[in-house]
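Dropping the structure in here first, questions after.
Naming follows writing order (A, B, C, D and E), and every chain is counted from residue 1.
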Amino acid sequence: MMEIGLNHYLVLSTILFAIGLIGVMRRKNLLLLFFATEILLNSVNIAFAAISHYYGDLTGQLFVFFVIAIAASEVAVGLGLLIVWHKRHGNIDLDHMSTMRG
Amino acid sequence: MFEAIAFYLFAFLTTLMFFITVTTSQALHALTALAAGMIFISAFFFILGADFLGAIQIVVYSGAVMALYAFGMMFFDTTREVKEKNGNKYIVFGLSIISAVLVVVIFAAPIVTNNIKALYPMVKGAGNTQELGMVLFTKYLVPFEVAAVMLLVAMIAGIVLAGKKMDLSLTLMSDAEIIDAKKEKTKKVLQ
Amino acid sequence: MIDHILSILIFFPALAAMLGFIIHKDSIRAYGVAIATIEFALSLWLWFLFDSNVSGMQFMEQLPLVPSFGINYILGVDGISLFIVILASFFTMIGLASLTDTKNIKNMIITLLFLQMTMVGVFVALDAIVFYVFWELSLVPMLYIIGAWGGPLRIYASVKFFLYTFTGSLVMLVGMLFMAYYYYQATGTWSFAILEWYRLILPEAFQLWLFVAFFIGFAIKVPMFPFHTWLPYAHGQAPTIGSVILAAILLKMGTYAFIRFSLPMFPDASVFFMFPIAILAIIMIIYTAMVAYAQEDIKQVVAYSSVSHMGVIILGTFALNVEGITGSIFLMIAHGVVSGALFLLVGVIYDRRHTKMMSEFGGLAHVMPRYATIFGLMLMASVGMPLTINFVGEFLSLLGFYKQSHILTILAGTAIIVGAIYMLTAYKKMFFGNVTNEENRNLPDVSKRELLALIPLAIITVWLGIYPKPILVPINNSVASIVQLMHDKSTTEEAKKRIPNLVKGEDVKTLEKEAH
Amino acid sequence: MEIYLYIALFSPLVGSLFAGLFGASPRTKIAGIVPSLLLFTSFLSSTVLLVYILGGGEKVHVEMMTWMAAGDLYIPFGFVVDQVSVTMMMVVTLVSTIVHIYSIGYMDHDKGFNRFFSYLSAFVFSMMILVMSDNFAGLFIGWEGVGLCSWLLIGFWYHKESATWAANEAFIMNRIADLGMLIGIFLVYWSTGTLQYEQAFAAMSGLDKEVLTWIGIFLFIGAMGKSAQFPLHTWLADAMEGPTPVSALIHAATMVTAGVYLVVRANPLYDLIPHVGLFIASLGAFVALFAASMALVNRDMKRIIAYSTLSQLGYMFVAAGLGAYWVALFHLMAHAFFKALLFLGAGNVMHAMHNELDPFKMGGLRKVMKGTFIMMTLASVALAGIYPFAGFFSKDLILEVAFVEQHYIIYSVLLFTAGLTAFYSFRLVALIFHGEERYKIFGIHPHEAYKFMLVAMSPLLLLAIIAGSFKMTYFEMVTAMLPATEYHLHSVVTYWIMTIGTQLFVILAIAFAYKKYANNKVKVPDGTSKIENNLCYKVLSNQYYIPYIYEEYLVKPYRELSSVFWKEVDMKVVDATVDGIAGIIYSSGEKTRVMQSGNLSTMLKWMVTGVIILLSLAVVFGLTARYSGEIKAILSGLGV
Amino acid sequence: MIEPVNVSLGSLNLITLAPMLIPIIGALLILVIDIFKGGLDKTLFVVISLLFLLMDFSALIDSAGIFSQGGTVMGVFNVMLIDGLAILSQFIIVVASMLFIPLALTHKRFHEFSYPEFFALFLFMIAGFQFMVATDNLILVFVGLETSSLALYTLVAMHNRDKSFEAAVKYFTMGALAAGFYSFGAMVFYALTGSVEINQIATVLAANKYADIAYVLIGVVFMLASFGFKLSLVPFHTWAPDVYEGASASMAGFMSIVPKIAAFVVAMRLFEFLIHSGVVWLEIVLYIFVVVTMTAANIWALVQTDVKRMLAYSSVSHAGFVMAAILIGTTQSNSALFLYWILFSFTNLGSFSMLWISRQKHLPEHQRSDHTYDKFAGMVQTSPVAASIMGLFMLSLAGIPPFALFWGKLYLISSAVTAGYTILAFIMVLNSAISGYYYLKLIVYMFMKEPLMGNDGHVYVSNATTALKSIIGFAAIGTIFAFIALNPLLEFITAFIYNSGY
C-alpha cells in the first residue's frame, strides 16, 4: 500500500480517464466538454510518465511530450470551430446543434 | 514514504479537481479546477522524475491552453452559470463507473514485466531534459517535425476559422452577391 | 471471324446500342430491328457452322482476364446452349419488330440491345465469373424495362425482381467461390473455367453444400416454388416486350444453369436432391397451375402458367438421363417460343383496351377471329398438344423422369390436366360467349406488324412440333456427353444407379442411326 | 400401296387446310365441297388398301420421317395399314365422307361454315393418324388431335355458354384419361425400350406380370376417357351441344371408339393379362346398363342417342375385355354405321324442329319427314339388334361371347340392356314420329331436309342393314392379326333358344315402347306426373346425380382451392414472407435510426458505450483466461 | 553524460521521407505564394497541389521500385517504415487526392476554395496520412493522425455554412474523444511491452506468451474504439452521416476514401499480429464489429431520404465489409482490402462527384437537404448521360458485375471462403443484397419516376466544369473497365502485401 508501484499510477490514470469520460458524456456546453477531453489526455499522460519511470525508458515521456503538443493543437482548432459557431448562433450548446439527424 | 504521501495527496487533489471540472455548473470553477488539476499533474511528473514534462505541463497547459480557454470563455460569455439539460444522468454515471471499475479490476493485477528492455534507457547523470532532447532529436526527429507541421496546421486552422473571411459565406451567396461583396471587400480590406 | 463469332454475337448488340445514342429517335426503331436482324442472322450462321455430331464445346474462345485469380474470358457453345442463343436473338428481333409506340422508345431499344448482349453472354460463357457477370448484368436492363415502362406497380415489381434475383445469385456467387477454392486446393491453381471444374470430383458432403448454394441462385431465377412470387409481379407490371423477353429467355437462364453447373459438377448431390427438387417441381406444376386458374388478369394467367411449365423443365432436368434432360432443354426452347408468343398476344389486346382483366372481355372470337386463332394455337401449344413444340419437350421430360419415379411422374403429369383447366377457362372467358362489353365491339383484329411477330412464332411452334430433329440431335449429343460425365464422376452407389451409363448401352448405335 | 396410304392419310389434312384458308372469309360452298371430295378420295384410297389387304397383301408399313429421338428413344412418324387399321380407316373415311356431305346441307346457314369443314377434316386427319400410327406416340398424337378437334367442334357455336362449357369439360376430362395413357406409354417405353407396336408387343411377353398389369391399366385409363367409360362419361352427353354432324361423326362413329381400338390394338398385351381384361369387360357391362338406364327417361333427343352410344361402347369393351377383339371391332364398325345414321336423322329432325331437342315436343313427324322417319326407324332397328340388321350380327355376337366365356352375370346384364336399348330407341322413334303433332303448340313448321342430305345418308342406311353379311369376310381378314377365336355354343339348340329368346325380348321391348309412346295421349311432361316424381326417375333423369357430384365435390372445391391458393397462400404466405423479410429489415432501420439523434452528446455516449461493451467482453474473457485453472477446478468440483 | 550520437546520413535513408515531404513543401509554397501575392485564383493552387501530388506520386513510384528490389526499408532511426502496405496505401491516398483536388474547380463559387490555406491544409493533411501509414511507431501514427485530422476538421468547416460547422464540431469532438482512446490504448501497450513500436510490441508479447492477455485486450479495446471511430465502425460511426452531409459532397467523397485507408493500414499493422497470435477474443470482437457495421449501416441506409446521407451510411457499410479483410488476415484478404479500396475509391469518388456537380446553393422550398432523392426524380429524361453515369456508380457500389466494385467484393468474399469464414461470406453477400435496395432506390428515382415540377435538368450539371466532368469521366471509365486493369493490379498488390509479410 505504501509502496507506490506502477499499478497505483495506472489505477489513478484510469480513474481520471473515467472522470474525463463522465465529463465528455454529460457536458452540453462545448467549451466545458473540451475541458473533459483535456482530462482524458492528461490522465493518460500520468500513466505514460509512470511507466516510463518504472521501466527506465524515455519513450513514455516522449509520448507525453507529443500528447501535450497534440492537446494544444486541438485546443486551437477546437476553439476556432467554436468561435465560428458562436458567431453564427450565439451559443455553444450542443443541444442546439442537431439539424442533421436520422 | 514521502513518495507515497505525495502520490496519495496529489492523486486526491487531481481527482477532486477534475471531478469538479466535469461536474460544476460554474464555468469559471471548471476552468479554475482544470488549471489546478493540470498543475497537480505536473507534480506527478516531478515525482516520476520527468522534470521536463512537468515544466512543459505547466507552461503549455496551465499557461497557453488555459489562457486560450479563458479567452474562449470570455468570448463565448460563459462566465455565468451554465445550464445544461441532462437527459439521463444514470446512463452517464453508470457507463463511466462501469468503465472505471472494469479497467481498475484489470490494472489492479500486476503486469508481467519480463522481456521488457528499455529501448531508450534513462542515462545516469544526465538531466531529464538532456535525455529527452537526445532521443527527441534522433529517434523522434520525424515525429517532432510532424508535430511542428501539426501545430502549423492548427495555427492556420485557428486563423482561418476565426478569421473575418468566414463571416461571409461564399457557399451561400449567389454569383451576383459574390461580385458585389468582392467590390466591397477590395475597398475595405485591400486598402 | 468464325473464331470469334461468339464474341461478335455478344458484343455486336452492345456496340450497336452505344452507337444507338447518336441515332435520331424517329429512326431508332429501324435501326434496332436492323441490328437485331443482323444478330439473328449471325446466330443462324452459327447454327449453320455448328457441327451437330460433336458433343463438346465449339467455337471456343479464350482470353486471360485475371489469370492470377483464374478468371478467363472463355466462351463456347454446344448443343445445349446453341438454340437458346438463337432463341434469344430471335426474340429480340421479334420483340423489336413488334414494339408498339411507347414513350422514350430510344431508351427502350438501346436497353433491349444491351439486354441481348447479356442474354447471349450468359449462354455462351464457359467461365463461371464471366457467366456471373452476364447473369447479373441482365438484371439491369430488365429492371429498367419493367420499372420505366411498366404498369402502376412497376417500381415495386422491378425492385422486387431485381433484389430477389440479386440475392439469390449472390449466394450462388459464394458457391462459385467455394468451387474455385476447392479446385485450387485440388490443383494448386485458381480457375473459374467450367470445363475445368467438370474434372473435379468432390466428396459428397461438399457437393451437397455447393449444390444448395447454386440451387438458391438458380431456383430464384427459374423461379421455383416458393421463390416464385417475384414473377407474377414482374410479368404483371412489365410492358409486353419485357414480359416476352423475361419469359422467353431470362427464365431459361436458371434452368440452363442447372444443366451447365449443378448436374455435371455435383452428380451425387443431384441424385441426392433429385426427389426433393422433383417434389418442389411438382408443387410448382400443380400449385401454380391452380393459382393461375384463380387469376382474373390474363397476363397473370400466362405468368403463372410460365412457372408451372418451368416445373416440368426442372423435372426433366432432374430426370438425370438423356431423355429427360434433352426434353427439358427442348422444353426451354419450346416454352420460350410459346410463352413469348402468349405474352405478345396478351400485349396485342392490352394495346387495344389497356386492360388485362378477363372480365372486361368475352366473345372476342367474334370480333378478332385471327387473333383468336393464333391465341388458340398458342394455347394448345401451351397445354402440350402433340405436334406442337411444347409437347416434344414435355413428353421427353416426363418420360425421362418416369425412369426415376413412377408416382412423382404421375403427379407431375397432372400438368397436362391442370394446364388445360386454366388455359381453357381463360380462353373461354376471353374469346367465347357473346360480346358483352360494348368497348370490345369494334376492336381491330391483329395488325400486320403484330402478325409479323406472331406468324413466325406460330410457324416455329408447329414446325418444331412436327420436326424437332434438327434441334434434338445436337442437344441430344451434348446431353449424352454430360450424362456420361455425370455417371463417370459420381461416387455414390445411388448415383451410379440413377444416372445411366451410356457407354455400354445400344444408345450409341441409335445415335449413329440418327445421324445418317 | 404406300401412295394410297399417304393419300388416305393426308387428303383430310389438305381438305382441312383448304377450308381453313377460307376461315376468315364469308361462307362459301367450295369450302365444304372440296374437303368432302378429298375425303372421298381418302375413302377410295382406303378402299384400295382394303381390297389389297383382303387380297392377302402384306401389311403396308411406312416410316415417313423421324419425329423425336433422344437418348434411347426413337419415335418416327410411322404408319401401318394392316387388317385392324384398314377396318378403322374404312369406317372413319366412309362415315366422315357422308357426314361431310351431309354437313354441306346441315350447316348451310351457319356463319362458320368454312371453319366447320376445316375442323371436321382436321378431325378426320387426326383420327387417321390415330388408327394408322405404328407406334404409341403416333397414336397419342392422333389421340390428342381428335381431342382438340372435338373441343373445337363441341364448342363450335362458341357464343353459347353451354357449348363452350361442354367443350372444355370434354377436353379436360379427356386430358385426365390422357395422363393415364401417357403414363402407360412411359411404362411401355421403360419396360420394352421402344414405342413401336411390333417390337413393344414382342417384348411384352417377357415382362413381369405386374408391369404388364400396370401398362394395361394405364392404357385402359386412356381408353376410358376417349370412350367415355364410367366415371369419365359425363362429357359425352354434354358434348351433344355441338352441331349434330359432329355428334354423328365424332361422338358416335369414330372418336369415342378410339378406346376400343386401343384395346384391340393392344391385344397382345391384354391377352397376357386376362384379369385386367375381365375388369374391362365388367366395366363395359356396367356402363352398358348404366348408360341405357339413363337413356330411358331422358328428354333430350341427342342425349338419348349419346347414352345409347355409351351403352354400345360398353358392349364393345365387354367383347374386347373378354378377348373377342374381332367381335369388338366388328361391333364398332356396325355401330358406327347405324349410330351415325341415327344422329344424322336426329339432325334432320332438329333442323325441322328449329333445334328443338325434346321429343315430347315433337310427335307425328313421320308425315312430314318420311325419309328421315324410315332411316331412323331402321337405324333403331339395327341398334336394337333385330335380324337381319347389322346390330343383330354384331351385338348378339357379344352376348354369345359373354355366354361362351361363362361370364353369365355379364351376359345377363347385357341381355337386359339389349331390351332397354330397344325400349329407349323406340321410345324416341315413337315420340318423334308417331302420335299427336305436339309441335304445333309451339308453332313450328317442320320440313324435310335437303334431298342430297338424305341421299348422302343412304349408304349408311344400306350398311346398317347389310353390314352383318360381311361378317365372315371380315372375320377372315382380321383374324390374320387378332386372335381368331370363334364363339360357338355347344349345342345348336341353345344357340337357337338364345337367339330367338333375345329377339323376342327385344321385340317385346319395342312393342312396349310403341304402346306407351306411340299414341295420342302423350303429353309434354310438366313435372307433375307421378312417374316424374318417382325416385328412380329422378335419379335417372339426373344422371345418377353424377354431374352434380362432380360439380359440387370436384369442380367447386378445385375452384375454391385455387382461389385460396392464390389469395391466401401465394399472396399471404409465400409472397408475404418475402415482403415480410424485406419489411422487417426496413422497419428495423426505421426504428433504430433514432440512434442517430443528431445530438453530439448522444453520439459521444454511443462511443463510450461501445468501449464499455468491448471492455466488459475483454474483462470477462481476460478473467476467464487468467483464472481458467481455478474455474476448471471449481467446475470439476461441482461435478460438471 | 550522454554520449554524442554519430549517425551517418546514409543510414538514415532520408529518401523514405521524400513522399511525405513533397506535399509539405507544396503546402508551404502555397502559403508563401499567398503571402507575397494575395487574391490569386484557385486554379493556380489547384494546379500547384496537383503538381506536388504528382511529384509525390513519382516519389512513391520510386519507393515502390526500391521496395520491389530490396524489400522493406526502414529509415530515419527506424521510425519510417516503407513496406508494401505503406506504399500501396500511399498510392491510394495520393491518387484519390489527385482525383479530389480538381473538384475544387466548380462552376459555382464555394467558400473553401477561395482560401489558398485550403490547399495548404489539404497538402498537410495528405502528408499527415502518409506519415501515418509509413510507420509502425504509435507516436508518429498519432501525430500524423492528428495532423491530418485537424486539417480535415478545418477543411470540413471551411465549407462555411451551418451544417458544415455542425459537422466539423461533431467530428472534432468525437475525434478528440477518439484521440483519448488512442493514447490510452497506446499507453496500455506501452505498459505491457515498454515500447510503442508495433513490431517490438509484437515481439515482446510473443516472448511473454501473452501472459497478460487481459491487459492486451484492454489495449485492443481502446485501439479498436479509436480506429473504429476513424473507420466508422458501428457504434463509433455516428459522426459519419452527419459529417458527410455537412461537408461538401466532394469532401465527403474524399473522406470516405483517404482517411479510412490510412486507418485501415494502421489497424492492419496493429491487429493482424494479434489475430495471428491466436487472440481469439479479438477475432470474435472483430467478427461482431464487421457484421454489425455492415448490417446496421445497411439498414440505416435503407431509410435515408437524402442521397448523400445514404452514401454516407453505405460508406460505413463498405468499411465494415472491408474490415472483414483484417479479421480474416490472410495475404489474400489483405490484398483484397487494397483491391477493394482502390476500386471503391473510383466508384465512390465518382458518385460523390456526381452529387457535387448537382449541388445547388439555395434549396427550393420542397427540398429539405442538398441531395434528396426527389431531386433526382426523372433525371434520365433531362440529362440522360449524367443519369446513366450516376446509375453506373450505383450499380458498381451495389456490386453488379462487371463494374469495379464487384471485383473487389469477389476477391474479398473469396478470401473469406478460402480462409474458412463461410458464414461471414454469406453474411457479406446478404448484406450486399440489402445494400442493393438503396442503391437501386436512386436508380429508381432517376430512371423510373417523373421529374418534379419545374425541374428542367439544369440542376444536375449546374456545377459542372470540364475539370469535374473529366474527373467523373475518369471515374466512370475506371468503374466500367476495371476488369482490364484487374490482373496487373492484383499481381502488384499481392506481391507488395506478400513481401511485407502480411
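The definition used in the following text is that a contact is a pair of C-beta atoms (placed from the backbone, for glycine too) under 8 Å apart; a residue touches a chain by one contact, two chains touch by 3 or more.
Quick caveat: nothing in here was measured; it's all calculated off a predicted structure.
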* Enter the minimum step count from subunit A to subunit B; a value of 1 means the two chains touch. => 1
* To do: Could you name the chain whose Cα mean is nearest to the mean of all protein Cα atoms here?
  => C
* Compute the centre of every chain as the mean of its C-alpha atoms, then state which one is farthest from the centre of subunit D. => B
* Structure fact -> The pair of chains with the most residue-pair contacts is A-B
* **Length of the line joining the C-alpha centres of subunit C and subunit D, rounded to whole Å** => 35
* Where subunit D and subunit E are represented by their mean Cα positions, the distance between them in whole Å -> 76
* Structure fact -> So, in whole Å, the Cα centroid of subunit B is separated from that of subunit E by 27
* Structure fact -> CA centroids of subunit A and subunit D: separation to the nearest Å works out as 94
* **Where subunit B touches two or more other chains at once, by residue number** => 91-92, 95-96, 99, 103, 106-107, 109, 111, 113, 116, 118-119, 131, 140, 143, 147, 150, 153-154, 157, 159-161, 166
* Going through subunit D residue by residue, note those that touch at least 2 other chains and give them in order. => 582, 593, 596, 598, 600-601, 604-605, 608-609, 611, 615, 618-619, 622-623, 626
* **Sequence positions of subunit A contacting 2 or more other chains** => 6, 10, 17, 20-21, 24-28, 34, 43, 55, 57, 59, 62, 66, 69-70, 73-74, 77, 80-82, 84, 94-95, 97-102
* Using the contact rule from the top, write out all pairs of chains that touch. => A-B, A-D, A-E, B-D, B-E, C-D, C-E, D-E
* Under the touch definition given earlier, write down the residues of subunit D that touch subunit B in their complex. => 601, 605, 608-609, 611-612, 615-616, 618-619, 622-623, 626
* In the complex, go through subunit D and note every residue touching subunit C. => 23-24, 65-74, 137, 140-141, 144-145, 148, 151, 155, 158-159, 161, 164-165, 167-168, 171-172, 175-176, 178-179, 182-183, 185-187, 189-190, 558-559, 561-563, 565-567, 569-570, 574-575, 577-578, 582
* Write out the stretch or stretches of subunit D touching subunit A in their complex. => 593, 596-601, 604-605, 608
* Touching residues on subunit A, where the partner in the complex is subunit D -> 21, 24-28, 94-95, 97-102
* Structure fact -> Seen from subunit B, its contact residues with subunit A in the complex are 1, 3-4, 7, 11, 14-15, 18-19, 21-23, 27, 30-31, 34, 37-38, 41, 44-45, 48-50, 52-53, 56-57, 60-61, 64-65, 68-69, 71-73, 75-76, 78, 82, 84-86, 89, 91-93, 95-97, 99-100, 103-104, 107-111, 113, 116, 118-122, 128, 131-132, 135-136, 140, 143, 147, 150-151, 153-155, 157-162, 166-167
